[in-house]
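Labels run A, B, C, D and E following the written order; every chain starts at residue 1.
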Amino acid sequence: MNREELKAAITGKWPSAVWEEGNEWATLLGEPEPFPHMMTLLRQDPDLQMDYLFCMTCVDWKTHLTMVYHLRSMAHRHELTVKVKLDRTNPQIETVSHLWRTAEFHEREVYEMFGVRFLNHPDLRLLILPEGWEGKFPLRKDFEDPVNMIRL
Amino acid sequence: MGVIRYLRDIWRGAVSLARGMRRTLYYFLRPKEIITQQYPDNRLTLNLPERFKGEVVMPHNENNEHRCTGCQACELACPNGSLKVIYKYEITAEGKKKKAIDKLVYHLELCTMCNLCIEACPSDAIKMAQTFEHSVFDRSQLIKILNKPGSKIMEGVE
Amino acid sequence: MGAASLIMLMLAGFTFAGMAIFISSLLNKGSVNRQKGEPYECGIPTKGKTWIQFNVGYYLFALIFLIFDVELIFLFPWAVAAKQTGWLALWEMVIFLLILFLGFLYAHKKGALKWM
Amino acid sequence: MWSFQQAAQQIHEWLSERMSAGWALALEMVLAGLMAIGLFAMLGLILVLMERKVSARMQVRLGPNRVGPKGMLQTAADTLKLLLKEGLTPDGADKWLFHAAPIMAIVVSMLLLAPIAFAMDFQLWDVNIGVLYVSAMSSLMVISILMAGWASNSKYSLLGAMRSGAQIVSYELSAGLSVLTVVTLTGSLQISEIIRSQADGWWIFKGHVPVWIAFVIFIIAITAETNRAPFDLAEAESELTAGFHTEYSGIKFALFFLAEYINVFVLCGIGATLFLGGPMPFHIGSWEGLNRIMDWIPSSVWFFGKTFLLIFVIMWFRWTFPRLRIDQLLNLEWKYLLPLGMVNVLLAALIAIKGWHF
Amino acid sequence: MYHETEILETRTDAEGHEWMTINVGPQHPATHGVLHLVITLDGETIVKVDPHLGYIHRSIEKMCESLSYRQFIYVTSRMDYLSAHINNHGCALCVEKGLQVEVPPRAQVIRVLMDELTRIASHELWWGAMAMDLGAFTPFFYAFREREMINDIMEETCGARLTMNYMVPGGVMHDIHPNFQRRVKEFLKDYKRKISEYDEVVTENIIFQNRMKGIGILSPEDAISYGCSGPVARGSGVHCDVRKHYPYEIYSSLQFDEVLESGGDCFARYLVRMREMKESVRIIEQLIDNIPEGDFQAKTKAVLKLPKGEFYSKVETARGEFGVYIVSDGGTTPYRIKFRSPGFSNLSVLDKLARGNKIGDLVAIMGTLDLVIPDIDR
C-alpha cells in the first residue's frame, strides 16, 4: 500500500485517526488514552500487519514530549509513523513491549533518557546509565552536566 | 545401518579435521607467507599514502611565512573544538588595522582527523601531515601551536 | 635406581616449586590494595556465594568413570596374560566386556551420559 | 658411542669406589634430582618457545624474535618477569589449598618422569608395572586442578575445575584402553620390555589396524588429559577467562603453566615409547646399511625426536581447531572413543593370540 | 520474567539445584568490548542473561544536537566503528534528503564501492573474532591478513583505515586515488582464492559445525518482533535487506542477491555472512570498471540548513539496518537526532537465544550476533 491507501485503510478501521501532514511517511497522531488499542490494531489487523517496530524514540519539545514510533509491515512493505504527545512533567504511556519485543529495550532507553514511564512494562529499569541516575534525563533539552558535557 | 552411519560420521569428521590441519601445515611450511611487519625497524622504509591523516600542520616557507589569515573557518568547521585561533590586529604598511593570527592552537588530543578544517580553509594554510607517532607521556604536550614563532603571513594571501 | 627415585623426584618437585615461590617472594615487593583480594569477575564485585551445591551433572560422570576404571584395572592383568592364555582369555573378556557394554547401554538409555 | 647409560654407569662406579654404597646412592639421588630439576626448567623454556614459534608460523606471523637470537631467550625473559610479579591471593580463598595446588601440580608431573626411558636402558625406575604407574599418576593431575579451582573462591575457577574434573576423568579411560592394546601385544607392563619388543619394528608399523586406532585414540586422550585445545575447557579463555587458574598470578601461575607443558612432554614420551618405539632406532628388516646408520644416531635423540614430533602434533591440533563444548567433549569420549577402544582391545587380543602381527 | 532483586542472590530451584550468578564482562575476552552480562547459571546451563550496557555510552545523540550537519556525520563513525563508512553514508543520505541535493553518479558509485569494501572488512573481522571465541586462534590472523589489504586501499583513498570520514553531504570528500581500481582488482583476485581457505579451516570443520548447528535458534516471528535486522534476521529467513527492499543510491540497478538462510541457528547466521562477503565481491566487480566520470561532490552551501521537519533514512550496514532520524527546527544543527542502531535490537534477542544453552553456546551466539558495543551504547 502506498501512503494514501494506507491512510484510507487505517481511517476505515480507526475512524478517529488524526493525521499529521508534511512528512515522508503517513503520520498518525495518537492520544495516550486509546493508544494501546490503536497499536494492537496496527499490529494485529491482517491488512495492516505492522509487525516491525524499527525505530522508537522520544523528542523533547520543551513544552511537551512526543513519542515517535516507526512501524513497518514486513509482509506488505508499508511504513507508518505514530506520534503521541505526552505531558512533560509526568510523562506516562502504556508499553508496547508485548506487541513488539524490541520495544522492551527501546522503552528502557527512553525511560532513562527522557523519563517517560511505561505502564505495565515487564522490567523497567536503567539499561545504559549507571545506578543512581534516576531523576536526571540526559536527552531532555534542559539537562546540564557541567563535568561531562563540552559546549562548543 | 546404525553402525555404518556411526563409522561414516567418524570418517567424515576426521576428514574435515584433516583438511583444516592441512591448511595450517601449509602455512607452517611456508615462511614466505609471513606478513608481519617489524614496525620500529622498518621505520625508514615505511611509506604512508599521501592522503594519510596524521595531524594538522601549517606549512611555512623558507622565509618563515604561512598562509593563514586568521579567518576562523577551521575553528568553526571543527566538530570537537580542536582548533582555536587566537588573533591580533596588525598595522599594515598603509596604516590600516588588519586581523592576523597570534597563535593557532591545535589540540591533537581532541582531534579526530576528520579533515573538515582542511576542507574549510579558504587559503590552504593548513594541511594534514603523515606523522603518526604521537604518543607522549604528558597530555599537555599534545596541545600544539601551529604557526612558528615570529612567522608572518605570506604576501598576497587574503 | 628403583623405587627410591620416587622419593627423590617428589623431593625434587617440592624443592623446585618451593624454591620458585621463595625466590619470587624475595624479589617482589607487594603493595596493599583492598581490591587485590577480590576474586576476578570481570571487574564487577561478585554477587552471591561461590561455593554452592553444584549441579549433579559433573559428578555423574565421575561415578560412571569409577565403574569403568575398576573394569580397566581388571583389564591390565588380562592384557599381560592374554597372549599366553589364548582363546579362553579372549572369550572371557568378550563376555566381560559385553556385560559391561550392556551396563553402559543401560546408563546411556537412562540418560546418565546426557549432559544437563 | 657415548650414551646416557654409560655415563650413568661410570658415575655409579666412580662414586662406589670412593664411598660406601649408602652414600653413593644418596649422592646419585641428589644428582638425579638436580638433573630432573634441570630437565624441568629446560623443557619449560623449550616447549613454550616451540609453542609460540609453531603457532606463529601457522598464523603467518613471526612470533617472538626480539629477546636473544631469533627470540630464543623470550621464555627466559618471561620467566623472569613472572618471578618478579606479585602473587595475589583472593580474600575468600582457602589459603592452604590455594598455595598447595601449584606445588601439587609440579610434584605430580615430576613423579611422572620416573618410568620414562630417555635413552636405551636409561630409566630412573624400571618398574614392572610402568604403564599402569603412568596411568595412575596422570590421573592425579586432575586433583591439583580441582584444588586450584575450588580453593580460589572464584566462580570462573570453580566452573573450570568442575569441567576438568569430568573431562580428565573421562579421557583417562580411553588413554588406558589404548595403552592396553600395546600391552596385549607385548604381554608386559614394563616400559623397558615394551621398548625391547619393538627392536624389529615399532608397534605402529607391525601392529595393524588396532594399533593405529589405539594411537589416534591415545593422542586424542592425552590432548584432553593435559587440558590442551581443542579440549582446554578447564581454561577456556573465551568462556571462563582463564578457568581454574584465573586467580593465580606470578610464579604460581607459571608453575601451573610449566606443569601443563611437562605433562604434555611426559605423556607424549609415553606415546612415543609405546607406539613409536621410544629410544629404539628405525629399522627396516634386512637393509643392513640403513639400519647401521640408524643405530649410529644416539637412542636419546630418537626418543626426543619422536616425543617432539608428537608434541608438534598436539600443538598443531591446538592452532587449528576450535574448542569443543563440554557435552560434546563427553559425548566424544563416551559415545565414540570408549566403545571404539573397548572393541579395539579385543581386536588387539585377537591379533596377539593369532600371532598376526609381524 | 525475573527481576533484578531476584537474580542478585543465588537461588535454588525446585529440584534443589543452586543457581549461580556470574558476571561476564565488561572485561572479558568474549565480549569484544565493554559489554556486561549478568548470567544466572544452573550448573553450566544458562537460566537468564541480563545485559548491562553503557560502559562506552557517549551520548552521541546529544552531542549531535550541538553539531552542524557537516560535523555530525563524523561522530557517527565512532558508533559502529567496523562499518564506519556505512554509518556515515546513512547520515549523509539523511542530510541530502533534507537538502534535496542530487548526488553525482560518480560519487554514488564510489560510495557504494566503499560500502561494500567496508562490509567485507567488517565481516572479515567478525569471522576471525568469532572463530577465536570458539577457541580457534589461527583464523583470526587469516582474516586480518585480508582485512589489512582493504584497510590499505581505504587508507590510500580516504586517508584513514578505520574511521574514514570520507562522506560529505552531497558526495565524497576526495576523488578516488589513481591506484584505487588497480588495487581493488588485485585484492579481489587474491580474496577469491583465500575465501576457500576459510571453508577449509572453519566452515567445514566438524567441531565448528557441531558448535553452531541447532544452537540459538531464532524463529522468523521472533526475529521480526525483536526488531532484528541484517544477517541475524536473514539467517532466520526474514527478507530485510535494505539494499534490496528500500534501495538507495545505485543499488536498484545492481545485480546481487539478498542472502537468506532458513535455519535461524548460529550456523545459518554464519553462512549468511560468509555468502554476503561473496555478494559484496560481486557488487564490487560490477562497479569497479564502471565508475562514471564527473564530479565527486555536488555543490552545497557552506552552511547547511535543513528545512523544518523530520527526515529518516536507512542503510544496510554490516550488522543490519541503520536508521537516522533527524528532527529539524530549521536551524543549522539538528533539533533531535536518533540513530536506530542494528546492534541494539540484535542484542535484545540475546537473552532469548541463550536461555537453556551452555556457557560455550553463549559465546557462539554472541559471536554470530556480531555485537559491536559502541554501536549498542552509542
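Things to note:
Here is the rule we go by: a residue touches a chain if its C-beta (ideal position, glycine included) is under 8 Å from a C-beta of that chain, and two chains touch if they have at least 3 such contacts.
Because the structure is a prediction, the values reported are computed rather than measured.
Among the remaining chains, those touching chain C as well as chain D are E. Compared with chain D, the chain whose C-alpha mean position is the greatest distance off is A. Chain pair with the highest count of contacting C-beta pairs: C-D. Compare each chain's C-alpha centroid with the centroid of every protein C-alpha atom shown, and the nearest one belongs to E.
Chain D has its Cα centroid 63 Å from the Cα centroid of chain A. Put simply, the C-alpha centre of chain B and that of chain C have 55 angstrom between them. Taking each chain's centre as the mean of its C-alpha atoms, chain D lies 45 Å from chain E.
Counting partner chains per residue, chain E has residues 20, 22, 28, 44, 67, 138, 145, 201-202, 205, 207, 358 touching two or more of them.
Annotation for chain D: residues 58-61, 155-156, 163, 241, 319-321, 326-327 touch two or more other chains. Contact with two or more other chains is made by residues 152 of chain A. Residues 8-10, 16-28, 36, 38, 42-45, 358 of chain E are the ones that touch chain C when the two sit in their complex. Of all residues in chain C, those touching chain E in their complex are 41-44, 46-50, 52-58, 115-116. If you check the complex, the residues on chain D that touch chain C are 25, 28-30, 32-34, 36-37, 40, 82-93, 99, 102-103, 106-111, 113-114, 124-125, 127, 129, 131-132, 150, 152-158, 162-163, 165-166, 169-170, 172-173, 176-177, 180, 183-185, 187-189, 241, 246-247, 250-252, 254-255, 326-327, 330-331, 334-335, 338-339, 342, 345-346, 349-350, 352-353. Residues 1, 3-4, 51-54, 57, 59, 61-62, 66-67, 97, 222, 224-229, 238-240, 245, 309-312, 314, 321, 323, 325, 327, 335-336, 338, 340, 344-345, 347-349, 377 of chain E are the ones touching chain A in the complex. Residues 67, 70-72, 74-75, 77-78, 138, 145, 148, 155-160, 163, 165, 168, 173-174, 177, 197, 200-202, 204-207, 209 of chain E are the ones touching chain B in the complex.
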